[in-house]
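The following pair of complexes shares a single chain, chain A, combined with chain B in the former and chain C in the latter.
Moving on, here comes the complex of A and B:
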């Protein structure tokens, strides 16, 4: 089969490494290709047929449930009861509550604008392809400041709305961005302290990381929410949202610190000795030599952790904040839409999927660009 | 600056150490003072005396017998055992399914790989808590006990939970399991003759146990099947819907992660080795067992252990649908006694112990593995 295809074009020899030359690209007809990869052996043919049948059957039921038999518009659940399939009316009817939670209805334009601001920041990030890292970082930090000003109000003649009425997608994004913004510098400090020569700093870092990592985040969140007000004087208490952000930030930092530490330990010791011979001080060595390389090395692991952090924002519902998963639950619980909870969760899952996949994709493009520059 | 013959770097380090320690001391003193103030102002008792008191509230379901008359110590034990049981069940089922999925993917069929890849991507990227809510909603939508689904005779699924046949282990079962455990341990530590001996022993034990009731007058395995009785079921064992939902979500979610870990392990074996094995005429199955598997396992063990530790932590999410585990017992205890500090400390130490045990197992394996490969 290999010889049947036509050799399209031999790429020009690449530099001086003939063994690294890519294989010649072979153009085959679609039919040949399908036969080659899906039906080359009897076993493979059987597997193909079985898989295709399974996909067809499940796909048929899914399409029938989700599209053909579904109800999109119904003023009450009774309207949905007639439809055999999904009841998307629960989303259509409650979408504002699902997206923005308890935010006062006449002020809904504020979270809507906020989603637009986050969207614009994301488009900007994609447009510059994280090429100008400082500018990208600045844009996101500005978006956080805008978030607090716009959502809370009290300035520019905006009505003040306290954080306990915020909810939905904006709060999920806000908590994620804040905890990462807080956690990443802390992670660097912890990692440097753990690999450094200061015994006291190393002990504190090891203690914090090793105590927090075995405990579930949900338990850490609960404990912080409970103990932080006790440990801080009332004047310093940052409020529930602040406590959650501090907790998620520190928790994220403990995991991120271990990743950065692995990166720091991967730097050959000779580089540190060379820098010392050049007369650099310990902090200069970290800032100029080891840390930049360690951060580059750990981009893939960091992207994984960021996805975990984004998913973990869904846990803040357990301390009574209304993140996206919670406002979605509120859309049907305690009213007659109860039987249609799964339609809501499918939409919630799709939105989370969109967010995490965007994040992963951004991380991969950063990885590719770094690999190209290296 | 020159203090007692130290050079500049040493002096700097000393000052930095002192600064860190003084900062820490200030933080600890201030926090301690603030906590003491709030404890005194709220009139909360201190110490672990509450562990011996009766709780006055009951847990929803547990492996051990439970009642509102239990002490806090026993209730914590119940919670701990539930967490361990849920983790263990998830670990076993998710590992088996994950390995199966990864192996099926080895068939190299693009359509199947695409399907599995889609499954893995979707499940890994949706938060576990959303998946738990989803499955809980699904169990609420199940028919009531009178119209319960009957899955393959004797297994029933309704909105009251899952009804399974239960087995009562007699001494032959315990003997067989003991032999199995011993032979697994032996074959993990040694290779060659002891390992072959151990697997032979295990086979003999299972065979004797299988034919035992017919030939040697051993007591057969006692199976109790659930039966319909009035509006409910009698016999067998039942899993409450909360547990069914949490277990399903945990298994489905972690299966995706484990499948990915196993796939990475299998892919880590260089293609050249497989081609070499094909060239010397090894069968596909032998290549898998002799060349791919032993090397893949070495790559897989550490990520797997990490995932197992994640699973034990993730079981704390079971609380959101009302399953009793270590975390939910802690929360309820704090609400009833107000002794947050002590209970948080106890809970943290228990989770710490669970995870320390898991990493101990992992490190022990890594130790023997290194020793085995050195020879």
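Moving on, here comes the complex of A and C:
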């Protein structure tokens, strides 16, 4: 076998041959770059000018309404009456209710700390760029446990606060994270079952997906909330919040499963044959070869579903839980701030935008990193 | 592998008796008979569509067949055994389009078999992989991803991946046809060297030089059946200090 080493002078590694040079770097000035991107053809120039004009006009009115003519402080709605523009006082005055709902005022530090914990988990995720997947997952799971302990209390001398008083942005984030954490593994199982050879598993998977997907989430939420307590013995009933999370998790899983299935089916058959030729078993092939590739392929579609799942949390108000959109609505409805719903909804939209942008941005950076090594 | 060569009686690695395979109603393999003994290198040639890939894939356990006997490395594959449960051990397979795992580095491609199938330790697997890579002049590419390698380098990585499981028999299905002529020689050199080391091989190829160069026997297939068999290259290779020692059995 040793002879093999010296059989032939094959072109080996890229060495340090004298004719290799570093790649020349092209440095373009900002001016040339702008010209290249925005004004390189007459059509592009026209489109650029028109778009810029439109943005300027709209921007002018937005800035005037939101900033120049707006009222920021007013102890009552009357204080806003003389302002021509936005009445941000409705936010300034009610922000705690908007963010945290009915959580007892003297205990508000608990959801506040919780937001800090979620923020820290997010910063950690960005810092490691999901490079260490297990650690990232662990950090988020810990944050969910901390959430339950801190919000509910009853430990470490904390006053117990039942989940029906939780509300606002922490609930939105918590329900989203829990349903995805529950739904993603379930989606993998469903997708693998649906593409696999076990007829009974495939039937169950197809049935679940095809029955749940056509039904609107709001109907599924209602049914779960009504039927699950009847179907389960009391001891097993996970409570309203638990029911909602199970429901949203399973619903999310049905959609995610189809995305993963598409990914699995896109893997060339040669990959499976090569794995079988190495002696890998069916489960090993899924775990090591097809599933990792399928998940990589489906990052964009998955981010898409995550954004939908995040926004869908605003439906839990229909079964009596107060998510962020609901607590924000409560801040102006049924009181004298009613005329300023626009301002509140704009802030709600901006907060959702911030959250979904964070998701898409994380997805993009994950995609970019995966593209580098595959 | 060399110790096999020194055995007085050659060990039979493949016995095929009256093998028949249909794709639907299409009779793809008709009463195929083939025996391969340890140390032999058999080339399978023939027109496109004559059933060469089908035959070699049956031997690899990747394809079902309907009647006949197929014993590979002591394991009798039966028409009844489900594809999923066929574990061919001691047999390596190299494909026309490499089929490296694109989400793994070359090193990971090479260690997955030893770690997950042979259950050797990770460090042992890495040592084995590095040994094989160096043998095939691929040591510098261990941490690269397959997509960053040339075709010839990918095929050599795929060959190394199979070798990491210490196979007794190597199957090649047109290992050079996806490659440009210049890159073919890299792979041919590798296969030549394996033959010289006494590796038992079955090579499906359209490249008649490859067949004549390395094989002790050329089996011609025609329309699903084995036709004539011709003797291949004499077991002497120029530029090899070992002389004819590489080939036994034949």
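Quick note on the criterion: the second predicted complex is superposed on the first by the 316 of 374 C-alpha atoms of A that agree within 3 Å, B and C clash if a C-alpha of one lies under 4 Å from a C-alpha of the other, contacts with A are read in each partner's own complex, and residues count from 1 in each chain.
As a convention for this text, a contact is a pair of C-beta atoms (placed from the backbone, for glycine too) under 8 Å apart; a residue touches a chain by one contact, two chains touch by 3 or more.
The structure presented is a predicted model; accordingly, all values stated were derived computationally and were not measured.
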Touching partner for A:197 - first (chain B), second (chain C), both, neither: both
Which superposed partner A:274 touches (first chain B, second chain C, both, neither): second
Chain B versus chain C, judged by how many residues of chain A each one touches: B
Chain B versus chain C as contact partner of A:102, first or second or both or neither: neither
Chain B versus chain C as contact partner of A:233, first or second or both or neither: first
Partner chain in contact with A:352 - chain B first, chain C second, else both or neither: first
Touching partner for A:181 - first (chain B), second (chain C), both, neither: neither
Partner chain(s) touched by A:163 [first = chain B, second = chain C, both, neither]: neither
Touching both chain C and chain B, counted on chain A across the two superposed complexes: 197, 282
Of chain B, residues touching chain A in the complex: 9, 13, 16-17, 20-21, 24, 31, 34-35, 38-39, 107-112, 115, 121-122, 125-131, 133-134, 137-138, 140-141, 309, 313-317, 319-320, 327, 330-331, 334, 340-341, 344, 347-348, 351-352, 354-356
Residues of chain C defined as touching chain A within the complex: 1-2, 60-62, 84, 86-89, 91-93, 95, 97, 99-103, 105, 112-113, 116-117, 134-137, 139-141, 145, 147, 158, 161-162, 165, 186, 189-190, 192-194, 196-197, 240-242
Sites on chain A touched by chain B in the complex: 37-38, 43-44, 47-48, 51-52, 54-55, 197-201, 204, 211, 213-219, 222-223, 226-227, 229-233, 282, 307, 311-312, 314-315, 317-318, 325, 329, 339, 341-342, 345-346, 348-349, 352-353, 356-357, 360
Chain A residues within the chain C interface of the complex: 1, 3-5, 7-8, 10-14, 197, 268, 270-271, 273-282, 284, 288-289, 292-293, 296, 373-374
